[in-house]
Amino acid sequence: MEGLAQAARNALALIASGDATLAGIVGLSLAVSLSAVVLATLIGLPLGAAIGVGRFPGRRAVVVLLNALMGLPPVVVGLFVYLMLSRAGPLGSLGILFTPTAMVIAQTILILPIVAALCRQAVEDAWAEYEEQLRSLGATGLSAALTLVWEIRFSLLTAVLAGLGRASAEVGAVMIVGGNIDGVTRVMTTTIALETSKGDLPLALALGLVLILLVIALNAAAAYVKDAAQRRYG
Amino acid sequence: MGLILRLLLVFCLVGSVSAQSRFITVASTTSTEQSGLFKHLLPVFEKKTGVQVRVVALGTGQALDMGRRGDADVVFVHARPLEEKFLAEGFGVKRQDVMYNDFVLIGPKSDPAKIAGGKDALEAFRRIRSAQAPFVSRGDRSGTHFAELEIWKAAGIDIAKDKGPWYRDTGQGMGPALNTASGMNAYILADRGTWLSFKNRGDLGILVEGDKRLFNQYGIMLVNPAKHPSVKKELGQAFIDWVVSPEGQNTIASYKINGEQLFFPNAE
Amino acid sequence: MILPLKLEDVFFVAGGRVIIERISAEIGAGPSTIILGANGAGKSVLMRLMHGLLAPASGKIAWSGAETARLQAMVFQRPVLLRRSALANVTYALKLARVPRAERERLALEALESVGLAAFARRPARVLSGGEQQRLALARAWALHPEVLFLDEPTASLDPTASREIERVIQAFDAAGTKIIMATHNLGQARRLGDEVLFLHQGRLVERAPVEQFFSRPASPEAAAFIKGELPWV
């Protein structure tokens, strides 16, 4: 398709131009999504692991709910966070609506179930192998869960990358809680939405390709780190 | 672990820096933003006062709702009846005219309803309905949407009852609605500003313009600090005062696309 | 002193089948005890019941003395090691036993030395051979200086050379005073390492005797058949 080839050329030209506005938008996108991934991992890995090794009444319902929450629509999360952070809402006095902080909060809520659910599955599978030995040594509950998380950390990287993918790709949540304010809360996805709605489809497409290249680069970096570390630790 | 704590600290700092610099939040409309006016207008004010103006662009209805919730300091929209209502409800302090532009009736070159070149918006709308030609409506409680509804009413058409499959109620902003109209070769009422900067025109062009019913007035209001103490009333008022001042008005007038002026300042 | 271990009318049921049927026994300090029986006789389940990994469906399993957890350790047929160095695997067990950090490395190195793995201390545990891994598992168990060491078919997955190495280590631990309770279906191994035999047949304790007496004059027909190698596989 001619449009696509042209868009690819435009995308490369955009990247090469070093345009300051674009650099700012890319930088903000990375800062917001990576922050959300870090937070979601810090909370989600222990949470998923605890559910993975835990045996408690209602566990099956919790697992089903966690899996279902992976499909949270971004725009719904955005709306919920907006209502919480609005001046008319319970947390309005924080004054963080329409700031990158609000965007990070919304994206963290969005991807937390993904990280936790995938971690839960991986830990549960590993628990089958490690349970007897760990219990024999006296590791139970959270201690065993965290040991397992560290043990299977390379497999968990996939869960983290899934979260990163979702965060970088979504537009519904950041649009509502960020407001797409020029120079303040405008990220790649909201810029693409804006340019599309202005009818500048070639620019929107080029930006889309830049975004995809960015995510591919992040994934490639993660794969490299994983391989290097795996070779070291077996 | 230390690295993680350091990252969190940076993240908190980033969050707080944006809270500390002087700024106001203005709720405005997508059509105004997409016309590119703000990129031209705001830097002048920001350079003069050091106050950053953060614009959140929504439909007029949503922008006013943002003001009602206290999430904006200033509202800058173009739907007089809705603005008056906002004022009457006590959410605004004072309404001032800022500028006007006009709406234009866009349609495909093939013009199935035969309205091209006309000067009567009401007659054009009647012909579109008789021809049952595809027509895209904003449907999003925006200023443009209300203007469109007023024209149907003035033309004697009860559009809520009379609409058929030819009437496409999209619930979208001006740009996406234009994209939709371009994609289906439909008629659409648009503000001239967005149209001039819209790039995906396809087969569409301006068919009817100049009717004074297509006149589109913009108004600006400070959100009432009595209702929402968090409103930045000094900075917000400073912005309003500047917009209606000769300097602000001249800056508005100087915004042109392809040599054509988009907005005509008319503050008192 | 946590021995003797008393079992009273212990039953264990799983999948609708009775795996352990009314076993009563008192296991005291001193002689190394072999749990002998064919595959499926219930040896592994009995070991896990005694170690505390499983709970009996009915009946009592009681140690003497209060704090029993850290004074017993178990080595499984397949060693489950963490993706860390050999030394780190042992210090992990010591950490779980709340041994002060300053002591852990020293005690771990001693344990590795006692099984002849001191040279491999910094190697990733997972790259060791099957026999080396099992020795590492023994070192890990030994590092806690347990009163009782359970071994569940420790050489079943190993070649003869590796098996002999393991047997040597077990004998050394026995000589040092640790109570050995080992499950095996290997008659030669039972004779080499054991002082007394508890013979299981289809979940029941059928015979208990000093090792030489068991092999030369088995009292029960099932034991006699087993020794003659005629016991049909379940």
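First chain written, first letter: the chains are A, B and C, and each begins at residue 1.
In the analysis below, contacts are C-beta pairs under 8 Å (C-beta built on N, C-alpha and C of every residue); 3 or more make two chains touch, one makes a residue touch a chain.
All figures in this text were calculated on a predicted structure; none of them were measured in a lab.
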Subject >> Between A-B and A-C, the pair joined by more C-beta contacts >> reply: A-B
Original post:
Just by CA atoms, which chain is the most central one?
Top reply: A
Original post:
Measuring between mean CA coordinates, which chain is farthest from subunit C?
Top reply: B
**OP:** Go ahead and note the Å separation of the Cα centroids belonging to subunit B and subunit C.
**Re:** 79
Original post:
Roughly how many whole angstrom separate the Cα centroids of subunit A and subunit C?
Top reply: 46
Original post:
Could you state the distance in Å from the CA-based centre of subunit A to that of subunit B?
Top reply: 33
**OP:** Going by the contact rule at the top, pick out the subunit A residues touching subunit C in the complex.
**Re:** 129-130, 132-139, 143, 147, 151, 233-234
Original post:
Along subunit A, where are the residues that touch subunit B in the complex?
Top reply: 31, 35, 38, 42, 86-89, 92-93, 95-101, 104, 179-184, 194, 196-201
Subject >> Residues on subunit C engaged by subunit A in the complex (per definition of touch) >> reply: 48, 51, 53, 69-70, 73-74, 76, 80, 82-84, 92-93, 96-97, 124-127, 140
**OP:** In the complex, go through subunit B and note every residue touching subunit A.
**Re:** 4, 7-8, 11, 14-15, 18-19, 25, 30, 34, 38-39, 52, 54-57, 68-71, 172-176, 178-179, 182, 197-201, 228, 230
